[in-house]
């Protein structure tokens, strides 16, 4: 019994942003309303798909009607749905934020007309990626995603952004090629690019090890796991604020999602040593990113390094390899996405307002942006993993998983990482409480920007209070089913 | 994979110093050996998906298996790929206006040659598009040839009239993707699935899509060659 | 949702909602802000009154929200929580009045009162938490809500203090988190149960349980300022007087002590923790803290700093009372939770009055201040004597039961610790009183403000007098029904009768 | 007489002076010190024993007065306080310093309450109230010398209170009811009353200034108006002696050894008092010597009682008479002195500069200072300390000392604390094995 | 060893060679070219191994994939070149600078 019309919501979720991108490109002057309408439509479609999945269980959709080996399948289970929702929530926020951000009285006004189509393409790529059940199709979406992201980074202009974008592009292409070579080997080894079929056919063999190595390396490069994170801070920090937000919140997560899918479905036999290695790298990322963040001079750089650290958490689930661990990692992904969006938005507001984001000079700025600094602080609460916030739930789950798996040292890393983030969050928030009243040239921040940041931060907090819903979603289609023994 | 930080000193020829080259060389040799071993361990006989392709070729509407895969069986990939192309153009345009070239005379030979070649190239493109249904060829090949014609014209100093460089140009650029999406969507109420062509007029639909795609690919590639936004008549 | 299950939420909301509204009030809307604050405080008091009546007559107030599969956010009013809830809500009301008077005309008041309300909400949440994870949640919330209050003045010193506070408390929270999660994986439940829920576990876990106990106590000990985790407390005295009062008497320090009570009583169970052999080391730590805090207090010239070290010492009494395994000592510890709060808040109010009215911050500047501000100093005197443990004041009652419990539990050494501490208490409080009452006042005060004939503003004077009166009443009427002492007995009866 | 008024009266006896402590509450009365004594006077007029249980007060307390000794004591106290009040009020014919009156009333309340208390806690409460009140009185009324005495007294008081508190705890742990009678019984039956007894003895000995714990007593009489000082000094001494009688299980236990020691102490005290009186026969010191002598006598008596319960039971009431004698004897002495010097001037109470004092005061104080100088290092230290009073350097020195000690503590506090605790544990272990 | 494998090995070789060049060279144009060489290697592997169908027509699916891949590579190269020109215009060098911070 479904209350939702039986539409192919999954297809809509992909086609709608594509159409939106085309429309925004065709009519640049109407880009903002077109983009907003599309964003709302996407959210509605994701909700529809969510309802469908909740009511009817995991959905499989054969594009072109051909079915798995020959054609391409779309597949929506709890995991992909969760990712779509993350994208929808963060995406909606970013869309609203961008309206204010790009609507500047100065000369850079035409940025908006480039931003919207690129952003819609990126969203389409994300949605397509999360729904795809075909590793070659995943390659195409990955490229779509990468190019859109690079173009968006470059949108900021200036030497930093362009160099960052260039480095990002090279890394992205390199990662894709690694992945593609892996796909080629898998296809030629097992005659299919469909994940489900591959999962049935794949057995450990030199080809599979080689393919796994290539694909994992490529995806790690794109996910910026330590020590392959070198490209991330400059790219994320130099981009325009909404772009930074969506890069940190969504784009890096996409490649992590693919990695997770492959790991769970195609390479479940991956040996423990590799998992331990990933965990170790994750731990190193947590510590390294945390320390680097602490010593950054610029706010956006700081937040970018914190992304490096937070990505590390996601990899702590690999050595644990139990359902709670995976759930925790995904909840971390979810809450980090929302919180980091809020945080980059806040940083964007500060930059917009004061014209700089040097941390030592923040005191004159943040005092006059109470909403923004509140958003930053609330998001920081989630990033630190303090209750009540999504980050706390995630940490709790990971901690529980670590103890259950009798590998408590990962829990120690979690805690250390939390302390490091607390250190830098409060380093920034502390500036809100100074007394300096130095006059400063400022530009009024549109209310929509401040409020969006705040709303996103509040959502990050609320994720800690309504955790059972997303967690229940995750169980649909039991993506971690085969790991239950852990 | 060791492309972490670049050393401060870079040798004259734009390479990193020897000690930074040796290590990657060794590691990559090992990688090559490993990959080679993996490749060689593949079974020497494998048909892949050629059998199901052959079995379904009848209902795909075309007789060239590659085109069938490209536009029918895995048409969704191709749709996204047109998106990638358009996206690249968007990216290039977002970087700024096309760099101003020094206007120099292309020279007599080039000018003559281009006048001869451009119509020919367009004709070849049409042919490739048409033949793609049965034999090697198709939208991408045709689009590339079309793009050559465009590039050649651009090299000889031809510029699109600013009247057409606004919305008309953009419509042409998105035509391939647009037609593809529209066809795919329209088919949902009819066939029930995205991009599920009814076998009876699959061929015609594929040709329609390919034609639009060819145009778009050609123009897009040519526009990419320009390296930036063209001057438009209307707003900036 | 029925009334019984909604009441704990209402109690929380009665401070949370005003707090949230206040954040968004413009700075100059003083009247609305004050009204909201006071209305919230009074409403909370009323609700708590209803609640305590119900709890006494056996009603169960319980709010349950799923937090994670198998783990609920549980708010529950039991007898122990009521002790703390009543303390918090009464002292909140008093402190709010005081804060309104204290901060008159200072900047950023909306922010201040917003966090102030949040802080109380978190404290009430700590009190009402029905399981360890809920406790943890509000415990951390408390950290977050208090930080802005400590750094509110924005001076470098305040920010340094805030930083220290955070380093300590967040690290403590992390330890608590590890302990809690570990416990959860072992036992599968975290709900506070009378006499604990761990005694049924397999004996092979005992070693782990000791480690977890240490983690939990270390986490809680930071806020309770047990040495060597007390370092933040003396620094935090740079905060404004109402904040110090709240920090020392109600919110932070007490939350830590209350958490230790919870862990010992309702997680491990007193008998079980005794059988694990963890109570005696904890008692020793408490004893060391008591003596150490008093000794440090002895040499502080800064009045608030002296009071802060006094808190370090006094709060350890609670822990000491809990860890002497015996019903009488438990009564002493629990009742000290309330009594120390009332007394210490009085002292900080008075210290604030001196600073605000005369600009006095140091003990050495207090000569003759009793003549200028007799009522303030009367309140101070009463509270100080209470701290020393002079009968018939509140402190005497706690010490009485602690000592009695120590004898009863065969831990005679404790009474010598108590005696030593009383001696030291006298040694650092009486010189203050002497100077204030009997030394000649200076020709001019450091920074005197005029209040039109009265010694200070009404809102500054009434709260310390009220709490000083409470100090007296709590001691004199200790045996009256519904006194904290009787309530503490009620709690221990639950804990000790099978 | 029905119970309600008598109960109210009982409560009023300590409560009224307590209330009048607050200046605001007594501003309407011209002679609050006398008014404060009124309920006690009326109570004396009630011909029968009255008592009241106050279960809600403290740990469950009570007040009461019996027909015999208690009434006598109350009567003596009322007399004593009336005399003291008259002395206070006759100063310069002006109303006395507010603070002094407050302290006076506080002490009064404690005194009366202690007499009326029927249980250990009540007695303890009121006697420490009185103790602190008396301290305040000394501080508020006397000159620098007296203040020093007050400080010494305060230390004695705190230590005594601590000892008594311990005793109280032991009593509560042994006996379930804290009535004097119940405690006496319980202690008599207790297997190890040693700790209790030593605590009580030490505590009240400190409070009463029994030799060799007398050192605060002579100091208190120094620069204070002698008569008043004497009078006031008698009060705590009397109450402390009363404490002995009330707290100790006299007549119930037989502890010959302890009794002998106490007798010896008492004898020594008397001897000391006689010696002191003979050595410096100054009128002012005479009463002090008398007080010490009386308390020595009392102690001897106490020792006898502890050693021989039979004798105590037969002659125990003499103890009350001794106390009354001490009190009223002092009162009479004071009245006589006061009458003799009615034409002269007493120095003002609030510590005016010594130059304003009449010649006799100067002479005395000079003699006393000389005497003090002979006592030794303590006074020299004191003089040195006073030389610096008021100087900025002195404040700096203080601060430096504070900082120094704070630094020292920061570095060594843990060690000291542990050391102290270790000491406590060792002492406790030793004490428990000894007792 | 059939010719299919030979080509595939060449593809692997191109891939690693391109990777080496990408690491070693600093000029952006060379890096972009290196990426293209790598891509060619991958495509070669894809196409070559499709010819393992004994006698029958080669597997068409990898061919389609390669066409898709080529278009993607072309698009990416175009963007990369445009970006490189901008980098050069902004920084004066067609190289990636050390991470500049402030």
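In order of appearance the chains are A, B, C, D and E, and numbering begins at 1 in each one.
Everything below uses one rule, namely that a contact is a pair of C-beta atoms (placed from the backbone, for glycine too) under 8 Å apart; a residue touches a chain by one contact, two chains touch by 3 or more.
Note that this is a predicted model, so its numbers are computed, not measured.
Q: In contact with subunit A and with subunit B at once: which chains are those? Just list them.
A: For subunit A paired with subunit B, the chains in contact with each are E, in label order.
Q: Just grab the chain with the largest centre-to-centre distance to subunit A, centres being mean Cα coordinates.
A: Between subunit A and the rest, the longest centre separation is with D.
Q: Using only Cα atoms to place each chain's centre, name the chain farthest from subunit B.
A: D
Q: Per the centroid of Cα atoms for each chain, what is the distance between subunit D and subunit E, given in Å?
A: That pair's centroid distance is 100 Å.
Q: What whole-number Å value describes the gap between the mean CA coordinates of subunit C and subunit E?
A: Going by mean C-alpha positions, subunit C sits 67 Å from subunit E.
Q: Counting only Cα atoms for the centres, state how far subunit B is from subunit D in Å.
A: 106
Q: Find the geometric centre of each of subunit C and subunit D from their Cα atoms only, then give the gap between the two centres in Å, rounded to an integer.
A: A distance of 36 Å separates the two centres.
Q: Two-or-more-chain contact residues of subunit B, please, as numbers and ranges.
A: Residue numbers touching two or more other chains: 3, 5, 35, 39, 42-43, 46-49, 53, 73-74, 77, 81, 84, 87-88, 91, 95.
Q: If you look at subunit E, which of its residues touch at least two other chains?
A: Within subunit E, residues 15, 19, 22, 45, 49-50, 52, 61-62, 65, 68, 72, 75-76, 79, 83, 86, 96 contact more than one other chain.
Q: Could you say which residues in subunit D touch two or more other chains, in rising order?
A: In subunit D, nothing touches at least two other chains.
Q: Touching pairs of chains, which are they?
A: A-B, A-C, A-E, B-E, C-D
Q: Which residues of subunit A touch subunit E in their complex?
A: 136, 139-140, 143, 146-147, 150-151, 154, 158-160, 162-163, 165-167, 169-170, 173-174, 177, 180-181, 184-185, 187-188, 230, 233-234, 296-298, 301, 358
Q: Along subunit B, where are the residues that touch subunit E in the complex?
A: Interface residues on the subunit B side: 2-3, 5-6, 8, 10, 14-16, 20-21, 24-25, 28-29, 31-32, 35-36, 39-40, 42-50, 53-54, 65-66, 68-70, 73-74, 77-78, 81, 84-85, 87-89, 91-92, 95-96, 99, 138, 140, 217, 221, 224-225, 227-228.
Q: Under the touch definition given earlier, write down the residues of subunit D that touch subunit C in their complex.
A: So the residues of subunit D in touch with subunit C come to 22-23, 55-60, 99, 121, 124-125, 128-129, 132, 136, 139-140, 147, 154, 158-159, 161-162, 165-166, 168-170, 172-173, 395, 398-399, 402, 405-406, 409-410, 413-414, 416-418, 420-421, 424-425, 427-428, 432.
Q: Using the touch definition up top, name the residues of subunit A that touch subunit B in the complex.
A: The contact residues of subunit A facing subunit B are 8, 11, 15, 18-19, 21-22, 25-26, 29, 61-66, 69-72, 110, 114, 117-118, 121, 124-125, 128, 136-137, 140-141, 143-144, 147-148, 150-151, 154-155, 181, 185, 187-189, 191-192, 205-207, 209-211, 214, 217, 221, 227-228, 230.
Q: Where on subunit B does subunit A make contact in their complex?
A: Within the complex, subunit B contacts subunit A at residues 1, 3-5, 34-35, 37-39, 41-43, 46-49, 52-53, 56, 72-77, 80-81, 83-84, 86-88, 90-91, 93-95, 167, 170-171, 173-174, 177-178, 181, 184-185, 188, 191-197, 235-236.
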